[in-house]
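This is the structure, below, for whatever I ask next.
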Amino acid sequence: MITLVFLGKLADLAGRAECECALTSGAINWPDLLALMEDHLNTAIAEAALADRTKLALNGAVLADKTALIARDGDEIALLPPVSGG
Amino acid sequence: MITLVFLGKLADLAGRAECECALTSGAINWPDLLALMEDHLNTAIAEAALADRTKLALNGAVLADKTALIARDGDEIALLPPVSGG
Amino acid sequence: MRDIRLIDRAFNPGTLIGPFTQANPGLGGVCTFVGEVRGETDVQALELTHYEPLTLPGMHDLADHAFARFNLMGLLMVHRIGVILPGEPIVVVSAAATHRRDAIDAVDFCMDHLKSAAWFWKREQRGDGWHWIEPREQDFSDRERWEK
Amino acid sequence: MRDIRLIDRAFNPGTLIGPFTQANPGLGGVCTFVGEVRGETDVQALELTHYEPLTLPGMHDLADHAFARFNLMGLLMVHRIGVILPGEPIVVVSAAATHRRDAIDAVDFCMDHLKSAAWFWKREQRGDGWHWIEPREQDFSDRERWEK
């Protein structure tokens, strides 16, 4: 099981703020994650994940290169669109 | 009678914050003012008045060119050293 | 004195700033910025979402950078999350320093980074529903000033 | 909302800033700088002299320039005169605006001008008596930033 967290407008695209996905293998990489979102959610969120400005955090640490993702059972992956605070 | 007002450290030099001087003629100009301070006060304050950074106000308006001063009976002349606020 | 917080309900900035100033005895100046939800014609509410594992640690990193870059005695950084109504404060940054330039610049620096480099997402409720707010170009250029 | 004052006794900046913020409904941000007498080892007191015919009119001119230069909703500028003890506020400048950059820059602008271009003279009392304070080189260069 891994947890996907969708922040900001990505939650609207995904249709939820969070989802838990069962893993068929011990670990997933970046193409696996995209396929997972296509299968369990929709194409729009998979495409948004691909956008340059969308960042990825694994267990609370932002990845410098999201395509280098390797996530294992129990991990939490957050999809982070451009921020706007203050 | 004209009133001289000494601000900041010029009050220390003049030995007072203010003085009233009787005029012997109807009006005084810049050289007259310097002579007046030499006579009634001291050389130090006359010299300080000459310094570039010392400005002059006549009746609450700063003079762009203090050497163009013409002051008449009842006027107030303020000698303003460099400021420091805040 | 360092006070970095997320806060999930309406608050009065004065109740934070007074104690903060008191907690930095001997200071020369305190600069404070308070950002509020503008009472614009059509905006009924603002919602600030955050991502807990990143947001507060990110604000602490920002504070570390501010302390490294400016000569500060204290830094207060408080950011609202959740639903915020027009006229309510969203963010307070207060910096205490010996000299005013450090205090003013530190507030400017922190605000520029909170706007476009901290882990918050903002949407506003208008008559026709919720709209996500993207950072403006100006927000990016404001932040880039500090990269020189 | 414009509030420009000289004040000749100790005051609490919070009691000015709260009402000032309230008096500018719809603002996006308020930036405030409070300058205090530093509690330095040897300074027992500070004395601020002013020249009444110039000082308050000069502060109003400065406010006019700030309103002309920045997009402001309100400006508060309060300066102490007389004898001030360590820890007491000397100056408060607060600017309310729709956008934070105007608020922060207006405070910065006003402080730079109050420091080296307003009609105040400052001396401090140390163990060996009173000493007049000249503006620092930095104060002049801070002000010159605005002449570009």
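The first chain written gets the first letter, and so on, giving A, B, C and D; residue counts start at 1 in each chain.
By our rule, contacts are C-beta pairs under 8 Å (C-beta built on N, C-alpha and C of every residue); 3 or more make two chains touch, one makes a residue touch a chain.
This one's a predicted model, so the numbers in the text were calculated from it and none came from an experiment.
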Query = Suppose subunit C is absent; how do the other chains partition by contact?
reply = A | B, D
Request  = Please report how many Å separate the Cα centroid of subunit B from that of subunit D, as a whole number.
outcome  = 28
Note = Cα centroid separation, subunit A vs subunit B, in Å, comes to 76
Separation of mean Cα positions, subunit D and subunit A [Å, integer] = 50
Message = Multi-chain contacts only, two chains or more: what residues does subunit B have there?
response = 86
Query = Which positions in subunit C touch two or more other chains at once?
reply = 35, 100, 111, 115
Query = Pairwise, which chains touch?
reply = A-C, B-D, C-D
Request  = Going by the contact rule at the top, pick out the subunit A residues touching subunit C in the complex.
outcome  = 5, 7-9, 11-12, 57, 59-60, 62, 76, 78, 80-86
Request  = Name, in rising order, each residue of subunit D that touches subunit B in their complex.
outcome  = 35, 48-49, 51, 53-54, 57, 79, 90-91, 111, 114-123, 132-135, 139
Key: Complex contact set, residues of subunit C against subunit D   = 14, 17-18, 21, 25-36, 38-40, 87, 98, 100-101, 103-104, 107-108, 111, 115, 138, 142
